[in-house]
Structures are given as structure tokens and as C-alpha cells.
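Next come two complexes built around chain A: one with chain B, the other with chain C.
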Partner chain A sequence: MVRRLIIAAVIGLFTLFVAATVLMAYRWHAAHRPPEQPIAFSHRLHAGKLNLQCQFCHEYADKSPRAGVPAVSTCMSCHKAVATNSPEVQKLHEYWENEEPVPWNRVYSLRVRKYVVFAHKRHVKADLDCTDCHGEVRLMDRVRRVSSLNMGWCVTCHRSRSASTDCLTCHK
Partner chain B sequence: MEFFADFVIKPTEQQIALHRYLTILTLLIHLPYAGMLLGSSLFSIIFGILNWDKPNPLFSRFSKDLMDVVAASKTAGLVFGVLPLLVLVLLNVQRFSGSNVTTLGYLILAVVIIVVGIFALYAYRSVFHSISPGDPEFFRRTGIGTSGLVILLVGYYLLFSSVVLLNHPEKWAFIKTPADLILSWNVVWRFLLFIVSSVAISGAGTVFFFFNWPGRNIRGENEYGRLVKHFGASAALGSALLIPVFGFFFHVTSPIVAMSVNVYVVWMIALLVFMVGCILLLALLRSAQTKYGPPIFILFLFAFLMMISSDQAALENATREHTAALLDEAETIKREREEARQAAMAELEAATPGRGKEVFSARCVACHRFDEKLVGPPLLSVLPKYKGKMEELVSYVRNPSKKNPDYPPMPNLGLSAGEARAVASYLLEDVTEEKIPEEP
Partner chain C sequence: MNRRDFMRIMGVTSGATFLSSCGLERPAEKLIPYLVPPEDGIVPGQAVYVKTTCMECPAHCGISAKVRESMPVKLEGLSAHPINEGGLCMRGQASLERLYHPERVKSPLLRDSEGNFKHITWDRAYDMILEALKASVQRPIGSPGGKPGRKNLYLSGRTTGTLSRLIDEFCKELDIERLPEFDFYSYAAIREAYRILFDKPEVPSYKIDRADFMLTIGADILETFVSPVSHAAQFSRAKRTGHFSWFHVEPHVTLTGLQADERFSIVPGSEAYLLAYLLKHCSARTDKFKQRMIDLMPEIGVEAAAEKSAISQAHLERIAQRLSHAKNPLVIAGGVATQQEGGLEIAFLAGLLQWQMGMAGRTIDFAGSTDYDAVGTFKDLLSLSERLEKDEVSVLFVSNTDPLSSCPESYKLRDNLRKAALTVGITDLLTETMQECNLILPLSHSLESWGDTSPNKKLMTLLQPAIEPLFDTKSEGDMMLGIMRRGVRESRAVIYQQYIFESWARDHGGAAVEAFLQNGFLEKRIGVRVLKSRPSLSTVESFLKRLHLPEPKSGPTLVISPSIRSYDGRSSVLPMLNEVPDPLTTISYGQWVSISEADARELELKDRDEVRINLDGWSVELPVKIQPGLRRSVMVVQQGSARWHLQVDERSGEAISRINGVSFEKTGRTVQIPILSGSTSQEGRGVIPRPGEVHHPREEGGRSIYPEPDYPEYRWAMAIDLDLCIGCAACAVACHIENNVPLVGKEEHLKGREMSWLRIEPYYEKQRILGKREHSHFLPMMCQQCDYAPCEPVCPVYATYHNPEGLNAQIYNRCVGTRYCSNNCPYKVRRFNWFDHDRPKPLDRMVNPDVSTRDRGVMEKCTFCVQRIRGAKDAAKDEGRKVRDGEVIPACAQSCPTQAIVFGNILDPNATVYKWAHSDRAYRTFDHLGTGPGVYYLSKGRTKHES
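Take a look at the complex of A and B:
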């Protein structure tokens, strides 16, 4: 009887942690997996091989809180003529003809955006490189999030650069 | 680390794939051995102290046998302990030199410390042979053993710190002092996981090597056999039950960039294998037989393989961009080398006497003569505009376009760079208005 209970307890313990691992895997897949995009746009090609500067497309990064995604017209300024045979570029043409924006999925979003004020502009003006937070985007085909966006991460960098760590700097 | 970057051949895609399997194999050779060395030394020291406290010939013998069995010979120490670590350093230098995370220095320091620890534990083992059991030199022996164990643990803590850091790209910019490197919950959990896995495999290994290893069977010795079996199996069981707990915290503190569904799935397989091992351990403790020794040990080894694979998958996820950069560099180097080779070949072919004329009579004469109009224009009328512009002529021959409306467009004849260069130099240098070579 006792032996059976012990065996059941051992199986129970492992099952519990296998279940916990399943949950972690599910959570990662649901919340943290690099998002699929409506068009298989490759940053590795555009920012890497073609060496376009980040702000060529994300033009508001140094002017506004949001870096912004490019308007379809920005894409079309090249893709009216370039690579028009590619099925992915044809998807872009469809959005252009229907006069719709491309519904890109966010890669970086602050889950607590309600409580945190973040401005790209200030960070670009403080001479941070885009890669400091976004990683080597020029080497990513599909972009993935490389930083945790945790408060500890923000504060570590603020401290190391002697930026303000006053609560009201970020939390309004 | 820039220092190494100059000495390293940039790996290609195939080499990186090979690298992955070599790393897993190296770790599979090293980690179970290291775990057993660590666990057995710990057991041996504990039994040494128990014996000192209350002299018991069984304890004293177990304390000595443990070291003899695991640290079987100095060759084993070199083959399973030192050599794989050196291979690991070389693999990591090729894989991570030139990256913006500079942990290779720490890795090498860790390896040095571990090697010192291994030597100290072998010294501990040999002290048993030079001193009779129950000796007054207990403190000397235990001192060597304990310090070896501590050095080994420090080395592995540093090793894990430097490897785990590779999984945390967001920290790379902020590692200024060694303290930044070693103070991380993720490393702490990983280290604890290593310790409990070590004790687990040592316990399983104790049963396996004392009862099932050919030529060494203590089944006949009832009292000693019972001590070894019960201690080994209980230690293995107790620590294996902690593995899922520490593993859970390790994964909770791991960064999301290092994760993928594979990492979790392989980890789950490891857990299930440990579970089967634990059930067999319970059966082993209950029965008078020791036939479960080999399957338990093999299951634990397999679980080690799964843990190592899960870890490597995580490392690959985290360093994906670094890998992409390496592959790009390798490709650039390969392309440059190929271009240089092509150019050299072309030069060589162009310089071969008679080659230009040969190509001309084989490929060009169908349409061109020097002074009469055929399908294409007489060459003497068009060549003067290429005077001194060898490159232009080569590129036209290799990729012709329609020039003169009086003639049909010239087709691309598919000449190699060398053939085109040879024919161009023949046309520009050997053919002049005064000296028309004999029509082929």
C-alpha cells in the first residue's frame, strides 16, 4: 500500500512538472513566438543586403514617440518597378490597389502600455543605436523580439547611462 | 573576442551543423563523467567523515571504492574530463569569437579551474592508496578532497555563467565586472540543476558500477552490498526528484529569445525518462536483485542527452543572429575567393598563346569575318571603338546587346570568362588593319 502510494507520488510529481512545461511551451507559443506577418517581408534583405537605413522606412523614430511602420506608398516607391514578379510583392500591390494599409503584427509591445510612457524620439536623440534594443534586425528574415522589455532591463540601461530613474520618468 | 577572431576560419552552414552535433557529443562524453566525479567525491568525503566520527570498516571501504570506481584511471580522467573540455573551448572559439558577447575569456578560465579541480580529486583518490584506512591523516585527505570538490564546483559555476550568458542577448551590453556575469537567477538554477543531476547519475552509477560492471560484483557481500545499493539508489532517487523542480525554475528564468517549442518538448522527454528511472529505482530498492542497475544508468544517460540537446537548442535560438552573421561572412569570403579564382583563370587562359584564335575559329567565324559582312558586321569596322577597352569588349562578348540596327542582335554564346578574355585579347592585339591574320 505504502509502496504504491510512493510510486503514485513520484509519477504525480513528474506529471505535475511535465504539465507545467506544457503550459510554459503553450504560453511561449501564444505570447512570445515571433509573429507571422501578412507579407513575408525580409529585414535581412532590406536592412541587411540592401543596407537601407532604419529610418528610411521607420521615419518617425527620431521625431515622435512611435517609430512608425512605413506607408504602403513608401514600399511602392521602389516596388512599382522592383521585384514585381515576387508573389510577396504582389500581395503588397493588392493592398496598394485596394488602398488599404498592410496589417503588420506588432513585434514589440509593452504589455503594460497603460502605465508606461515610452518615446522612441528621446532614445534616438540620446544616441542609442536601434540595435541596442532591437538586436541585429539586419540579420533577421522575420523579426523577433530580442529584449524582455522588463522594468529591470530598462532600469539597468538607464543606470548605466546615468539617465533618470525617477518613477515619473516612465510612469505618469 | 577580437583576439581569437583573427585566427578563426569562419564556419560554413555545414560546419555549423557539424558543430552542433560535436558539441552535443562532447558534452555527452563529459557531463555524465563530471557529474559522477562530483557526486562520488561528495559521497566519498561524506563517508570518510562518517567513518572518522564513528569508525566503521564498511564506510571506510565505500569511501575508498567510490573513488576507485568512478575515477577509474588517470586515462579516464584525461579522456572524459580534460580532453572534452579542450574540444569544447575550441568549438566555442570558432563559434563565438568576434561576437559582441565576450565570455570566451571566462569560459577558458572556467576550464582551467575545472581541470585543476579534476587533478585535485585524482590526488584525493591516490591518497587512499598511500595511507592505510583509519589513518591519522584524515584531515589531509579530506582537505584535498574537499578543496578539489569546491574548485570543481566553482569552475562549473563559472562555466555555466559564461555559457548561460550567451542565451541573454539583452544583458551583453551590461556585463562590466565578473559579478554581473555570475549573479543571475538563471545561472543559479542551472547550477543547482547540474548538482542534482550529478548526484542522480552518481547514485545510478554507483549501483551500476558496483553490481553490474563485469568483474566487479559485490552481490555476495551482504552487508556491504546492502549499504552500497541502498545508499546509491536513495541518493539517485532523492536528487532525481528535485530535477523537475529546479528545471522548472531554470526554464522560468530563461529568456524568451532562447526558447522554442523544441526546447520544452525535449526537456519534457528528459523528465519522462527520469520518471521511468525513478520508478525502476523504487523497484530496485524493494527487490533483493540488482538487475535494474543497467537500465537505470542507461535511462539517466539518455536523460542527460535530452537535457544537453534541449540546452543546445536554446543556445541556438538565442544566437541565431550571430550565426546568420557568421554565415554571411563565410559566404562573402567564399564568393571573393571564387571571383579571384575566376579572374586568375581568365588571365591564365587569355595569356595562353593561340587560345584566342582557337576560340575565335570555333565560336565566332560562323557570323564574323574581318573584312566582309556576313551575319554580323566585319570586325575591322567595329574593333577600333574597343581599342584600349578590353574589359568593355569582354563584357560585350559575354553579354551582348543589340547595337547596330542593320544587323540582327548577337546571341549570347555562353563563353566562359577565360574564353571571352582570350578572344578579346586576340582581337585587340593580334588583329589590326595592316595585319589581318589568315582567315580561319
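Take a look at the complex of A and C:
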């Protein structure tokens, strides 16, 4: 009787362990998986094949702390005429006609944004290439995060380029 | 591996896995693009500044609203503005909270029969008003059988500029009678006196900067009187010349009085004797006319004046001597001096003295007089109440004013308001008056509307929107046009914006309008109007013949003084102005009565002991605060801090602020009120040295065991001139808003857990300095950004450290909240977050995105506005240069009405802060501790050759 109980407990705990490992793996994958976007916009097509420059759409990258996502009207300036039959472009048209902005999902989100300032402008003006942090976006259909964005990652680069490592440079 | 080990390892790993997998997945954050990109010049993530006007009090200072992501987050004084010259007072700073006030009226409201307000549509509201207006002709006056033909009335707060003209048009169109406007401080006695003297019922502009000697009697010119920020800016400029002195006479103690070079305490009600004495002794007798006038004056010798006023003969003679020797004297009588029985005589005598000494046209400007022409008095309020009682009124509009909060109860205005067929309230908040109205039209904030105002007759200032209306509200102009369009005719400006642009173009021409929109103000070309017309002798004669100088009454006197925090009480709805303490007493929340040290001794009262104040069967119980410098048997309460038994002067219609015949007694209870200052004494620690006694220990050697700090490029430093600081606490409020400093409330204040990064410390020392009997000091205290900061070495986690630019940095997400730093700080400027502080919606939008909002368990303090330093360095880096002097202006320095604070890089010998820090008057607090503060104070006692 006791023996049976022990066997049951062992099997139960083992199952739990396996389930937990699977769950953790799934969660880890989910957290690092490129987020689903409301429109399946392809950077590979636009930045890669069509060779559009990053700042054609992310126009504030060298002017402001924020790079900026393109306004719906910017998309529409081409897509009024281009690829209007594509179901994804039709989704865009729908947003435009309903006068709704496209609710894109953030790929790069700073977990400690509340305590940290980050200025795209300073980094672009320091001659960093967009790919240094964002990876080869032109090869990605759906953009995924390629850098950890944790403090060690920031500081390593700041050190190697002799940029300021004073805490107040980034911490607000 | 045995079974036990297997179980143990598996248990730990699976538990840990579960724990670590919790909360990994955060909800996906959204990235919302514009539909259409904003117009040129607007870059997301960067601030836009909108020039507009502060509407919190009638002074109408120019402001620049900082807008981030289409939300105004901070108001700053407009530097080129002719009124405030860049400064902005605490009320102006806090007025942003009115925009995001959680209790704002969000849509039109209708009161049902049970007295509850229900939301209705604008169209329904307009229709109701129009129907009621139409029906008023048929409505009988008085009893049901009375003659038909009720009147419609329009009562508003002080309104100027185009809006006032539109209201006139509206009233004419819809057959409404416009009543004199209501504003608690109507300066009725002053205007009446000038009417009698010069036939000009006006409040002139006072040109302090043109004066070399100023005598103020009762007027709190730096707090609420007419245009306080303008006065402070002029005072600062006058003082910097080194040829300016200022005597102040008052029955109580005000912040203004304590800034004067000499302050004389006078028996309440005896100001007329002082003025009569001065008239006899200082007037020019250049012509027969002036001589005649002097002869008509009652004979008041120095003995009589000294006896009545309790100012010693020597002092009276000194005042008279300084006044008569001044090249450009300025006398201002106002405030509590003219708001009393006999206030009209005081205003009259002061006006006569001003004319006799030729101040009009020189230091007193009638051409640029403050526009109070349409403002009525309490007499007008009484007549409104009587008309309502007689059932004469059909529709009553009450716009943007709150007479019920101060109206005497004998007027019965509250009951009579209900007799009107329809009362329409136009307001942003449901004030006492508005709660009695049937229909509420929600008013947009001035930051949500177009408009213009006229602070004085020479100036037009711009109101332009910095944000789309947050709620379903409209500006008053849009309401007028909306009602007219719905009721009368179609062909009219559709929106108020169109209406005012057309009217500006008509009145000033296109080029002027361009400049107006560019600058935020437009100065009208009116030359200085010298008062040529002498007062008519017969009027003066008849007035002087009837002049009866009131005998000052003995016994306890209650003085009701205006409040720097709440004006007449209107600003007390702003949460910030309850959190930031009154500079004189350092009391933050609650009401109190200030009593003199002599009375406190006699009645054995301590701070917070409760007293009962009795007057004619009416009584109020209040805790006591002992106010050094206050004269025996004078008690002071602040207007608006409670419902006072208001009396009105029959002749001028002015609210009386001196009440004789009160009695007061101890109740034996104590009331917990937060008094934030630990002590009013420096306890001999020399926080503020006596003039001429500044020591410089840093030059006397003495080395630290810590390594010398090395500053390669910048060492940020601040210098504060205590000679110019007026203790107005504008800086404290500016700091609160700029740095998202939370409001913690009364309970936390009582536990000594206030959060303000910058506080004003008042010190009252009983000492004789330079012939002054009492001396008070106001010291702005914030983190001193020490070279050898005692807080730094005690932090176990390196959350606070010294940065290469001299800043004592605090890294919030590194802080673990040991509070060692706070305990080791000799300046007591570090603040600990005991809780998370929620901001009630929509106040949560009033957050500066450049500054973190701190969480529970974290230490915080002044950062020298590091976000502004960062901003300036960013701009400098774009141009490949260093930050220039004057480019970084912290919020406190920016708001300072007297520009007493300078900030910059002290390594630069050309920087202003370097010059100030190397002045003979410069010292650092607790320098002997070896902390090496980065904040320099300049002690009082400016010398004449220093300017």
C-alpha cells in the first residue's frame, strides 16, 4: 500500500516536472517569438527587396528620442495604387477608411522604460547603424527582437565605443 | 541517488520553474502611429511650447505651456511678457491642475426635482435656455397675479477683452441685462477714492521699478494685490539698482511685509492718522491750490499720530523724512488697509498724498490701469439678491464666479437664487454657487480655448488652446454663439475662434495679429497719461470737511488676510496648493488662526492648541499658530480658509477684513495640523549668517579624507540671492510639477513624511540687525549637491553616487530603500516613498515624461532638474559645442518672480553662477561640515555699489 503511494507520488511529481519544463519552454519561446502584427507587414519586402531606407518610414530617428512608426497616411501614399489587391493591403485600406491608426505591437520594449531614457537621435548621430541594435531587419518578414535590451548589453557597447557610462546618461 | 534526494531535487526544480514562469509574458505593448503626421515642427517625443495666458487670478500673467504628446505638462512664465517677465506664482503653476481636475464638470448638467444633476445634451440645454428666455416676458413679477415682464440677468466674474464684448452683444440680442461683474477683491474703496478725487474709478498700475522709495500700507503687493508677479519682478529690478528702499506698514504680518527693508506694525484701523500726518508733513506746497488743500486737512501732529498708530514718533518722523526726500516716491495703500471701516478715507488720503507728491504719471500709471471698470461690489450683489427676492428675475446666468462662497448670510442670496425661473451656471467645477444652479454649462479650461484678455488698458494678451477639450465642454464664447445661432439667426460666426480672429483683424489689422500670435501679447499704443486734471477743490473740501478719522478700537481684532495660496479661496480646490505649505507658517493642510507671542503667553497657548473666536453670537473653533512679529490682540485668519462672518462696508461696498469686538478663549483641546517647519529658530547654527558676517571656511584650508572630485567639463551649481528671494514658494510648486513629486496628503504630513524636493524654510530671529527690530529670513532649501556628499558613502547598493558633473545622482531602480542616506544628510532634503502614490484620473496625465514616477520604497530628492541638463546637452551636442551659460534653467529658477536663482557651470568664469558664487555675500550652508555644497546662498545686505 505504502509502496503504491510512493510510486504514485513519484509519477505524479515527475509528470508535474515535465509539464513545468514544457510550460517554461513554451513561455520562453512565446516571449522571444516575434509578435503577431495586425497587418502582416514584411520588412523583408520593403526594406530588403524594395530597399527603402529605414528613415523613409521611421522618420524621426535622427530628430527625436523616438524613431516613430509611420503614419497611416505614409503607408497609403504608396498603397493607394500599389498592391491594392493584396488582402493585407486591403486591411490597411480598412484602417484608413475607418480613420483608425494601425495598432502595431511593440517589438522592442524596454522593461525599465519608466526609469531609463533612450534617444534614437543620439545613437543615429553617433553613426551607429540601425542594424547594430535591430539586426538584419531586411531579412525578416516579421521583425523579432535580436538584442536583450538589458543594462549589460547597453553598457558593453557604451564601454567599447567610449561613450558615457555615467548612470545619469540613461537613468532618469 | 537515493529516493529522498530525487524527491528533493525534483521538488525544488519544479517549484522554481513554476515560479519563474509566472509573469514572464507581459501584455503586448502597442505602438500607435499617427493617422496623418502632425504639421511641420512637431516631432513626437519633443516638447512644444504654446504661448497663452494664466487665468487663475485677475493679474493675467503670460505663460508658455509645455506640451508633450498633446498633453500640457507644465506652465512657465513667458519671459518677454510685460506683466510677469518670465516668473509665475504658485497659483499660476498649480492652475494646470484645474485642467486635469478630477471633479471637472464633463458635460451639461440639469438638476432634477430631487436636486441631483443629470447629464443632458448641449442642444437640450440651449433649447431650455431659449425657451426660458422667451417665456420671461409673460412671467408675472412677484405673486402669480402680478404684472408680466420678468427680467433676465447675466452675472459674471471679471471678464475682459473680446469675450466681454461678445457677452454684451449676447445680452443685447436676447434682451438680458448684464450686471456688474463680481470679484471678491474688487478694490472698491480704491476705485471710489479715485472717482471722488479725479473722476477715475480705476486701479492704476504701480511702477515700482521707477521708484526710489516705496511706502506700502496694508497692501500685500507680492502676494495677491492687483498683480503680484509683476510687482515682484519690478521689486527685483529696483532692488538690483541699489537705490531703492521700501517701508511697509501693516496691522498684521504678511510675507510681503517681511520683505520690506523696514516693517512697522500699526494699530488696526489707525492707518488714516499716519496718512494725515504724512500729508501735512510731506506734501509739496508749490502752489496756492496745494496749500489750500493742506490747510483743509485735520491737524494731526506727530504725537497724535504716534499715539493712535502705536508707531513711535522717531519712526514716524523717519518715514516722513524718507518720503519727502525721495526723488520718485511711491505710496500704495490697499489690501487690509482699505478693506475696513474707514477704508474709503484711507484710500482717499493715500490718493491725495499721491497727487500732492506728484506720483501720478511717474510711479502711478493711470493710462495702463488694471481693467476693473466692469467689476461691481458687494452692494451690487445685495441689489441682485433683492431683485431675486421680489421675483423679478426669470433667467439668471452665473458665469465663472462664486459669490456664495463669500457673500454675507444676511443677503439671503442662497435662498433667493432659487426664486429665479432658471439659473444657468457656467463653470468648470461645481462650486457652492454652481450647486444651487438648475442648469450647468461646462466651461473649457483656458488651455483648451481661444480668447484674449486685457490685464490692463495698455495690453491685450492671447489665449490659445494647448490641448483639445478633454471633456464635452465649451468656451464661454462658443456657448454665447451657440445659443444665439440656435435661437436668433443663422448668419453669425460659427465658432468663437472665427469670431475673435475677425474681431482682432478688424481692430488691429493683419500685421498686428501676426505679431500677437507670435508673441502672445499686444501692447496698445497709449502714451503715459499724466493726470493734468487736479482734483476739484470743492469735492475735496467737502470730503475733508466730513472727514472723520475713526478712533482705532481697542480689544482683540480679527484680521482676514488674503492668502498667497488660495487668493480669495478660489485656488484652494487645486490639490497642489494644499500640499505646498503656506510660506509664513509652513502649515500645509487645514485652517488655523495666527496669534501673537504676547497673547500666546497670556493665554498659555502653544501651536495647535484650539481657541474659540466669538463675535455677535457666532463662533468658530480653530487651532492656533504663534506668529512672531504679530502685535498683541491681533489675530489673523486667511480669506477662504473657512466661512467667515463677512461684513461689508456700506459706503464702498468693500468686504471688511478687520473685525473688532471679537473675543477669544481657550477650549483646552489640541488639533493636529501639519506644521512642517521643525523650528522657527536657526538654533544658533548660522543657516543664514548676519549681513557682513559671512565666513568662508573653504578658503581656510581643511582637507577631506575623500579624494578631491574631478570635474572634466561641467560642475553644475546654483546660487540663490536671499536679498531678492521673497519666500513666495513659486519655486516649490514649479519643482513639484516638473519632477512629478507626489502629493501625499495631510495624514502623511502629520507623520513628517512630506515629499517636496524644495521647501521654503522661514526663520524668525529676535535680534536687532541694521536697526530693524525683528528679522525674518526665508531660505529655499533643496539638495545641496555636495562635493563630499554624506549620503553617498553610506549607500550600500551604490544607488546614490557622485557623477562627473558634480551631481549627486539618485538611481531609483537601484535603490533598495535603506534610508541610510536620508539619515546621514545634514540638510534633510531626501524624501522616502512610503507608499505608491496614485494620481486620480485624469490628473495621471499631468506627468512629465522626462522624469520617472517613483515607486514605493525608493528614496528621491532634487536632481538639479537633470532632465533639463540632459536636454541642453543634447541640443549642444547637435551643434558640436558645450552647453552655454543660461541654457539650463531648472524649474525653480524659471518660475522665480524675482529671478533670485541662477544656475550654471561653475567651472566657467564667465557664468553668472560663478560671479554670484564669488560675491562677498556668498556662503554655503553648513560649510564647516566639509560637505562642499553646490548651492551658494547670497546673504542679505546688498551694498549700494554692487548691482
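Worth a mention:
Assume the second predicted complex is superposed on the first by the 148 of 172 C-alpha atoms of A that agree within 3 Å, B and C clash if a C-alpha of one lies under 4 Å from a C-alpha of the other, contacts with A are read in each partner's own complex, and residues count from 1 in each chain.
Criterion: a residue touches a chain if its C-beta (ideal position, glycine included) is under 8 Å from a C-beta of that chain, and two chains touch if they have at least 3 such contacts.
Predicted model only: the values in this text are computed from it and were never measured.
Shared-chain residue A:156: touches chain B; no touch with chain C. Taking chain A as the reference, the larger set of touched residues comes from C, when chain B and chain C are compared. In the superposed pair of complexes, A:144 makes contact with chain B only, with no contact to chain C. Using the contact criterion defined above for the overlaid structures, shared-chain residue A:8 touches neither chain B nor chain C, since it reaches no partner. Contact with chain C, but none with chain B, is seen for A:119 once the two complexes are overlaid on the shared chain. After overlaying the two complexes on the shared chain, residue contacts for A:66 are found with chain C alone; chain B is out of touch. Of the two partner chains placed around the shared chain by superposition, neither chain B nor chain C is touched by A:83. Shared-chain residue A:17: touches chain B and chain C both.
In the superposition on chain A, A:50 makes contact with neither chain B nor chain C.
Looking at the shared chain after the overlay, A:40 reaches neither chain B nor chain C.
Counting contacts by the rule stated earlier, residues 6, 10, 13-14, 16-17, 20-21, 24, 28 of chain A appear in both its interface with chain B and its interface with chain C. On the side of chain A, the complex with chain B involves touching residues 3, 6-7, 10-11, 13-18, 20-22, 24-25, 28-29, 32, 44, 48, 132, 135-136, 139-140, 144-148, 153, 156-157, 160.
Interface of chain A with chain C (complex): residues 6, 10, 13-14, 16-17, 20-21, 23-24, 27-28, 30-31, 35, 59-60, 63-66, 68-74, 96, 99-106, 109, 112, 114-115, 117, 119, 121-122, 125, 166-168, 171-172.
By the touch criterion given at the top, residues 3, 6-7, 10-11, 13-14, 17-18, 20-21, 24-26, 28-37, 43-46, 801, 803-805, 807, 809, 811-814, 850-853, 866-867, 870, 874, 877-878 of chain C touch chain A in their complex.
Of all the residues in chain B, the ones that touch chain A in their complex are 169-170, 173-174, 241, 244-245, 247-248, 251-252, 255-257, 259-261, 264-265, 267-268, 271-272, 274-275, 278-279, 282, 286, 320-322, 324-325, 328.
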